Each structure stands twice: as structure tokens, then as C-alpha cells.
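Look for subunit A in each of the two complexes below; its partner is subunit B in the first and subunit C in the second.
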Partner chain A sequence: MNFLARRALHSLLLLVGASVLTFLLVRLAPGDYFESMRVNPQISNRAIASLRSEYGLDKPSPVLYWHWLKSVVKGEGGFSFVYNTAAVPILWPRVQNTLLLAGCATLLAWIIALPVGTLAAARIGSWTDLLASGTIALLLAVPELVLGLLLLLLAVHVGLPAGGMRSPLPAGTGIWNESKDIVGHMFLPALCLAAGLLPLLLSHVRASMREALQSPFVSAALGFGISFRRVLLRHALPAALNPLISLFGLSLGLLISSSLLVEAIFGWPGLGQLMLQAIASRDVFLVIDSTMLGTAFLIAGNFVADLLLYVSDPRIRVG
Partner chain B sequence: MKSVPVLEACHLGKVYAQGRRTIRVALDDASLSVFRGSTVALVGKSGSGKSTLARCLALLEKPDTGEVRIQGAPVMNFSRRRLRQLRPRVQLIWQHSAFALNPRIRAIDLVAEPLCIQGLGTKIRREQALHTMSKLGLPAATANRFPFQLSGGERQRVAIARALVQHPEIIILDEPLAGLDIPLQLQTARLLMELKAAHTLSYVFISHDLRMAVSLADRVAVMNAGKIVESQAVRDLLLEPQSDAARELLNTIPGGLSQ
Partner chain C sequence: MSVERKLPGLALTALCVFVGLPGFFAPYDYETQHRETALAPPTRIYFRDRDSRFHLRPIVYRWKLRSGTLHEFEEDRSIAFPLHFLVWGPPYRVAGLIPSRTHLFGLRPGGHIFLLGTDEYGRDVFSRLLYGGRISLFAGLLAAGISVGWGVIAGALAGYYGSWIDETIMRAAELFLAVPWLYLLLSIRAFLPLHLDPSEVFLLLIAVAGSIGWARPARLARGVVLAGRDSEYVLAAKGFGASDFYILRAHILPQAYRVAMTQARLYIPQYITAEIVLSFFGLGVGEPVPSWGNMLGRLQNLFVLESCWWMYSPAIFLVVVLLLFEWLFRSV
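For the complex of A and B:
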């Protein structure tokens, strides 16, 4: 239990540290939402100063950080100047959309990488191995942006939805048809995102499995006459798990931040677009909240990986 | 009538590629016979090909030339299925038991696992494993421990128990005493001899320590650069070594072994 308590405390401290740093960096950037009003000659400096004072932007950074922290605890996450409301109700639907897209893409990439990587490692030099190596090289060579544009071109030719998340459906369309519509829109961005993640996962699964299959205890188990399938599942796969669990934690952590470019290419109404708008209009609390969400996911992903390592490896649990 | 060796290596050759252009000859026309109930010590310097020969004899590696025979039957061309059926008869105990035991599996399950090929249920497998472990003097408390929680001697006994549980005819011991302190080496050697007598086992005892090898074996085969340069009874080897490699090994023993 000590290990887990230590990791939880470490994660919490990291989160607090990251929030202070994010807050400071955003505050250090010159100007704020109301500064941009100065270009309008009809708004006087006094009016701008009074607005800054009304929204608390004239207060010192530690005081503002404290107010933001209290607001986070209340579930508001600060205030959006552009939308003139608490930040969380603006962020939440976008976060859900991003998680839906990135979650499906990450799941797809793992579902492909695990069996293909394992087979490639088990049969070195086979067609599966060559196919895996070729896929890794090809996907690494094609930038996500180019792949996204190629997929958009494909969408236009085969009649798949090429942007957005929903089609304008008539009222009363059932949940089944609505879901089908969302899946149709999600197919290409999810494919693009999964293709970006696949070379990393595939090469790691293959390398870890290859190393595990060369362990003396795998040869020893085969020497007893135990079937290759049982040795693969009971000895090699658990031995290859540690680096893969760390990678899984990282892929969970990147759920929020990995899809920003793909969302922009495919017009997916996720956090990426909102974050870009918030940065452009200096909507500080939305920027801080979005950044902190990415950080929180990364820390949570690492914590989940630690938890899984604790459960799967007796050397950590018992030793 | 002349008896047939239980395990026989006939003119084995094995070459490994080192980089694109160079090769390393691991085995060069190596022949060895092991008769029922006997112990053959395979000695030689590090890198002389002892472990490669052990892996070939244990059917874990295929030699490039020559063949391995079990009870006179050549087994190299057996199907994978028939080889799997043969494997329990020839067991290899690895040089470093710490690496040969999966660190994520408890001792009792490690010993019980080879029995799964006989189609036994988990409960019976565990009972048999526990019985074998207790015969080797492993306390019941060690059964549920992971390999990294065991001492070097206990790990070695788990490795021996795992080989014994399938009732093999031949056990190939690749430096089984390496890494153990002197009292533990003597204790393990005594245990191996007791097991040999109780189960009429044949051993191939691989070591670079000639002193320990000659005290356990009936015959000694000396390896050098992948070849078996000399093979004779222990007494003859000690009194009249025929090869430079054997003389070199004898000279490494402080005070000699002639007495």
C-alpha cells in the first residue's frame, strides 16, 4: 500500500506544481482579454481599468490563483470572458467529444498493435513481421497532416462525412441513427489519429515481446514440452507487459492533447478548437483549464500505469 | 549384448553467424554417449561449446550437422508434436536458475506447470509438485513464494524439482553449482547423487570446475573449441590425460587431484 500511497501523493504534488507553473506562465504573457479593447477608440482607459477590476484581473497573481482554485473546487473552473459564463460548462461538452474521438482511436490502435506486434515477434522474418515493419516505416514517414488531408480526399470520393461531428438530422431521429451518424463522422479522424499512434505502439509491442521470448525462462518452459501458445500467454506476454503498461499510461495521458491537430483538420468540435480560440482571444481561465486538463490526464495516465504495474508485477507488489 | 546409450550426440556441428562476414564454430564434430544410470561430466573452458551441446542434447537447439539419438532413435527429424512428447524424458537445468524461473510465477506453480502436458488438473498438479518439493527438502512455506523471494539454494532446488516432477530419464545440468557458496555446492551435489540413485537417472554434468566434475562423474569428456578432444573414465583422465586441454584444466587445480 505504501507504493500506491507514495505514487498518489506524488501525482497530487505534481498536479499542484503544474497548476502554479501554468498559472504563472499565462499571467506572465503580456496583455489580457480586456487589453485588446484598447484598439477601440470608443472605449476609454478608465472603462477598461474598471472592467479589469470588476473581473479581478488587477489583483496580484497569488490572489487570482487562490480565487481560481476555489472556483475549481466549486466546479466552475474560473470564468470565460468570451462566453460570459463559468468555464466548466463550456469545456465539458468539448472534452466529451475529444475523449470520444481520442478514446476510440487509442482503443483501435491498441487492438491492432497487440496481436500484430505479438505475432511479428513470435515469427521473426515472417510475412506478419515484414508487414509490421513496413507499416511502422510507412506511418512514421507520413506526417499526420498529410495523412489527414489524404483521408479527406478519400472521404470526398467515397462519400464519407468529411467534417464536423453530426449531420443536420430531422427532429425525432432515433438514438440508433444518431449514433450511426456520429460513428460515420468519427471514422476518418479516428483512423488518422490511430495511424499516428500505431507505429509507436506496434514497435514497442514487437520489441518487448521479442525480448520476452528470448528470456531463459521462456526457453526453459519450452524445454519442458509446454505448448508454445501457453508459453506465449503465460510467460512471454506477462514478461513483456511492464514497458507496455507504461506506454498504455502514456496513451491514456495523451487522450486530451493528442487529437488537437486532427480535430482542426476534420472540424471535430473538441477541446482543440476551443483551446485555439481561447488562446487567440486571451480567455485566460479557459486556457489554464484546458492546459490543466491535459496535465491532469497525463498525471492520471501515469498513476493508472503505476497501479497496473503494482497489480501485475509481484516484484513491485511483494519485493 | 552391448547396451544402447540413453542419449547420444553423433558428430554434432553448429555454427553461429557473428555479423555479416564472420562465423563462430560452437560445435565441431562433437560426439558423446550417456548410458543409463551413469554421469558424464562435460568440462572445458568458457566458450568451448559446452552449453551449446547441452541445448542440442536437450532438443532446444537444432544442430547444423549430425544427430541426437534417444534410446538409439534419431530424433532430429521428429515432428514438433513428437518432440514435445519426448521432451519430458530429457530435462535441462539451466546455468542460472534465477533467470530460468519466471519471476511472476509462484514456486509451486513453476514446479506444477510441466505436468499440464499430461492433462492433469490444477489440484493434482499442485499436489504432485508439493510432494516433489518436499522430497528435495524445500519447506512448505517456500511453495507460495516467488523466485525472487527464495535464496540461491532454494531456487536451485525449485529448478531441480521442476525437472524431476516429470520423471525424466536424463538430466542435463548446465553449471548447476555456479553462484552457490561452498557448503551449498556440496549439499546440492549430495542431493543430486541421492536423486540419481533413487530414480536411476543419467546425468550430463557440465562444469568448468574439473574438481567438482570428477567427484560426481563416472566419465569425463573434455571440450575445446567446439570439439570433444578427450573422453575417458575419471581415473584414466586423472592419471593419463591425453589432450593439452585436459592437462591445462588439471593444472588449474591448486595442489592437483592425483591423490
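For the complex of A and C:
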């Protein structure tokens, strides 16, 4: 348990440090929500000053940070000036949508990367191998923004839903039709996210499978007359899996934090879209909370990786 | 060095010259509007006139709206405009200093040449692409350079001096690595004025890149320095009375060259894309000043997305630039 407890404590400390950092950077920058009211001549400077003191924005940063921390513990996460309520009830449905999208995209990317990478490693120089390296090179050069726009164009031509998360269905359509609708909306954004992750996954899967296939126990197993297929799946794959497990946790965290762009292009009502709106309306706490959630997901992804490694690798449990 | 290895470097240099001197290569200013030819496709260039006679000097025709339509253009074949080179045109400044009016190519008054079509306001996309590339490319390059430079310096200090300096710098690096960079960039952006000048976006990107991106190169450089610090030639140099600065500069940092190169390879596309993403969402370079990001932002309009292929040209240039960089770094 020692290893896990240490990792958990480390993650927590990192999270607190990151929140201080975000707060500092955000407070260093000039201007806030009420500052932008000055454009309106009907609001006097005194009214702005009293609003700022009512919401505590005139206090020094450490005090403000302390208030924010208390409200996070209470489950409010600060106050959204635009929505005029606590921040967490606004954030929560968005987080669920982001998790749904990112989870499906991760799954999709791994479902493609694992067999293709394994095959590419098993037959070096075959068409699968060439296809894999071609895909890696191509996807690395096309940024997600451009890929998203191209997929959007495809959606408009083919007639797939190209925006939002669900169509306005009449009440009582049934859970089956509703989820079918959501899957239709999710397909393209998930594909775009998975494509962004694919080069990283493919190259790692291929490299670690190659390494496993070159180790002596594989030659020994082949020497005993065990079929190549069985050696590949039962001997080499489990041996190659260890670095991939830590990559899995990392990819989950990476994807959740990089889904911001894709969500905004496809109008997926997730955390990223909310954050862009919050920036446009200078909603301080929503921006800070979104950044913190993105960070938390990244850290949680790393922690999940540690957890999985702990379960699968006895060397870590003992040492 | 073979031609194949020189090619990406040459192509990128050529691109930098084009983008660095937009006034000379672009026929128009970036904000000149031709409202009567909004969203017109690229001008076609002919070497044969109406009577199929061959001319060495290319000929172009004006676009005019097909009567009864809103977005369909046809060529007005009644007047042919021959293309002239090194012509007198709208004023601009070379490198922001020397005023000039000479353009590489142009037409006599009354003719229009849009090599890559026009946008919704009838502004020449080719001219805007050149002016926009200035910010998109140079901000990315400079930001990558600064973050790698900071990182290598911080990593070298941490690795060479060890003890509490090492501890402090590496903990800080860990912290900066924990926050997703796009979120950090956006949250800093959130508290600047909504409309930014290109120079402000430039500074923002560079400041943010310098403060966020140093962590990864610092870690790697520290490893290199740690390995080199206790080697015998360093000990020998110390024995001859070399200063710490000299040892770092002459013996240890040259080993970090590879690390710096691989990190630059990762960071240059990342920061070029960062500016484009910011401007795409209207948080970066503001209109009417062009950048590849806010030009691509026009594609959020479904009509433009579907029927104006020339509006994709910033995306095509972006992909080409990224491929060239990848190629360049692979051959280094």
C-alpha cells in the first residue's frame, strides 16, 4: 500500500500547487468581470467598486485563494458571475459530457492502435507496417484544428449531424433512440480526438512489441515449436503490455485535456466550450475551475496508470 | 549534403522571405476590400487571348457576378488585363521602416488579380495569407526558441549545482508539467482585454511559452548535465582553474544540443498551432489584421466551409510548413 499512498499524496500536492500557480497567473493579469462594465456609461465607478467588494474581488490574492479553497471544499467551486450561482452545478453536466466524449475517443484509439501496432511489429516491412508508419507521419503533420474542419466538411456532405450533442427529439422517444442520437453526434468529434492520439499510441505499441519479439524467450518459445500466432498473443503481448499500461492512463488524461479544441469545433457541450464562453465573459472562477479540472484529469490519468501498474506488475508491489 | 537534405531548409527560408516581405509579394494591402467580388474564386491566368493567340505576358479577366445569382461569378471577357511585374501599387513599409510602393506583380487600374480568391469582404486571400504568416510563423518560432532556451539554462543550473537549487527548479518543473498547456494559455488569455493587437498576441504567446514550455527541456537537459558533470575531462578542466561558466559553456552544454533539437522539433509545431487556435476562436489576433488562425476561423461559417475551397489555403500552408519542419529536423 506504501507505493499507492505515496503516489496519491504526490498527486494531491501537485494539484494544490497547480491551483496556486493558476491563481497567481490569473491574478497577475489586469482586469476582471466588473472591470469590463466600465464600458457602460450607465454604471458608475462607485457601483463597480461596491460590486467588486461584495464579491470579494478587491481582496488581496491570498485571501481570495483561501475563500476559493473553502468554497471548493463546500462543493461550490467559487461563484459564476454570469450564471449568478455557484460554479459546480454549471460545471458538472459539462464534465460528464467531456468524460463521455474523451472516454469513447480513448477506447476507439486503443481499439485501432493495439491490433495495427502489433501486426506492424510482427511483420516489419509488410503493408501493415507501412500503413502504420504512413498514418503516423500523416496525422502528425495535420493539426487537430485542420482535421476537425475537414471532418466537419465531410459531415455536411454526408449528412451526419455536425454540431451539438443531441437533436431536438419529441419527449418519450425511448432511451434506445436517444442514445443512438447521441452516438451519431459523438462519432465525428470522437474520431477527430482519436486521430490526434493515434500517432503516439501506434508508435509506442509498435516499439514495445518489437522489443518483446526480439527477446530470447520468444526465440526459445518458437524453438519449442509453438506457433507464431500463439507466441505473439500469449507470450510477447503480455510482456509488451507494461509500458502500454502507463501510456493508457496518460492517454486518458491527455485526451480529456486536449478535447477543448475539438469540443469547440463540433459544438460539443463540454468543459472546453464552457471555458471559451467563460473567457469571453471574463467569468474568473469558471475559468479557474475549468483549468483546475483539466489539470485534475491529467493528474488523475497518471494516478490511474500507477494504479494499473500496481495491479499488473508484482515488481512494484514488492519493491 | 544531398539535395534532398537541403530542400526543406531552402523551402522554409524561401517561405520566410515571402512572409517577411509581404508588402512586396502581395498585390494588395491586407485590408483593401473589393465588396463587389466577395467570396470570388481564384483568378484564372491565361496565356492565350479570346482569339487563341499566344502571348508571353499572361492575361487575366475581372470577375463579375452572374446575373440573378448571389455567389456565382463569371469572367468578364470584354477587357483583358495583361499582368505586369515590378509595378507601382499601394504603399507599404519594408520591415516596418523603409516606405516603398513597388510590388512584384500587379495590373493596371480597373483589373483585379486574386491568386487565392477573396473572403467575405472581398479581401485578397493571397495577400492576407502572406501578411498573416508573419505573426503565425515568427511567433511560433520565437516562442519555441525561448522556451527551449530557458529550459536548457534552468536544467543546466539544476544539474550542475545540485542540492537545493536542483530541488527547487525540478519541483517547479513538475508543477508546470502538471497543468495542460492549452488551459493555462487560455486562462492567462482570459484576463487580457478581449481585442488584442498583433504585437500583444506576439508578446502573450512568447511570455506564456517562456513560462510554460521550459519544464520539459529543463528535465532532459538536467539529465545530460548530470551525466557530464562528474566526467574526468570536467574534473581536469576544474584542475586547470576553469570557471563554472566556462565549463558549462564549453564542455557540458554542447552535449545538450540533441535534447534542445528534439524539443524544438516538438515545440515549433505546437506553438505555431497555439497562435492559430487562439486566433481561430477570436482570442488571438483581431480583425482586420490577418493571421492564419483568424482566416481559418471564417470556415466556421457553413456556407464558406462547404463551397469556398480557396478559404482552406491557410490550412494547406500550415500542413506544408509543419511537414517541412518535420523533414528538416529529421535530417539534422
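The working rule: the second predicted complex is superposed on the first by the 308 of 319 C-alpha atoms of A that agree within 3 Å, B and C clash if a C-alpha of one lies under 4 Å from a C-alpha of the other, contacts with A are read in each partner's own complex, and residues count from 1 in each chain.
As a convention for this text, a contact is a pair of C-beta atoms (placed from the backbone, for glycine too) under 8 Å apart; a residue touches a chain by one contact, two chains touch by 3 or more.
Just so it is clear, the model here is predicted, and its values are computed rather than measured.
The larger set of touched subunit A residues comes from C, when the choice is between subunit B and subunit C.
Contact with subunit C, but none with subunit B, is seen for A:287 once the two complexes are overlaid on the shared chain. With both structures placed on the common chain, the touch criterion links A:225 to subunit B but leaves subunit C unconnected. In the superposition on chain A, A:279 makes contact with subunit C only, not with subunit B. Of the two partner chains, subunit C is the only one touched by A:156; subunit B is not.
With both structures placed on the common chain, the touch criterion links A:217 to subunit B but leaves subunit C unconnected. Contacts of A:235 after superposition on the shared chain: subunit B is touched, whereas subunit C is not.
In the superposition on chain A, A:208 makes contact with neither subunit B nor subunit C. In the superposition on chain A, A:71 contacts neither subunit B nor subunit C. Those residues of subunit A that touch subunit B in the shared complex are 215-217, 219-227, 230, 234-235, 238-239, 312-315, 318-319. Of all residues in subunit A, those touching subunit C in their complex are 14-15, 17-18, 21-22, 25-26, 29-32, 36, 137, 140-143, 145-146, 149, 152-153, 156-157, 162, 257-258, 260-261, 264, 275-276, 278-280, 282, 284, 287-288, 290-291, 294-295, 298-299.
The touching residues of subunit B, counted against subunit A in their complex, run 58-60, 84-88, 91-92, 94, 96, 99-105, 113-114, 116-117, 146, 148-149, 162, 166. Put simply, subunit C touches subunit A in their complex at residues 174-176, 178-180, 182-184, 186-194, 211, 269, 273, 276-277, 280-281, 283, 296, 299, 302, 305-306, 312, 315, 318-319, 322-323, 326.
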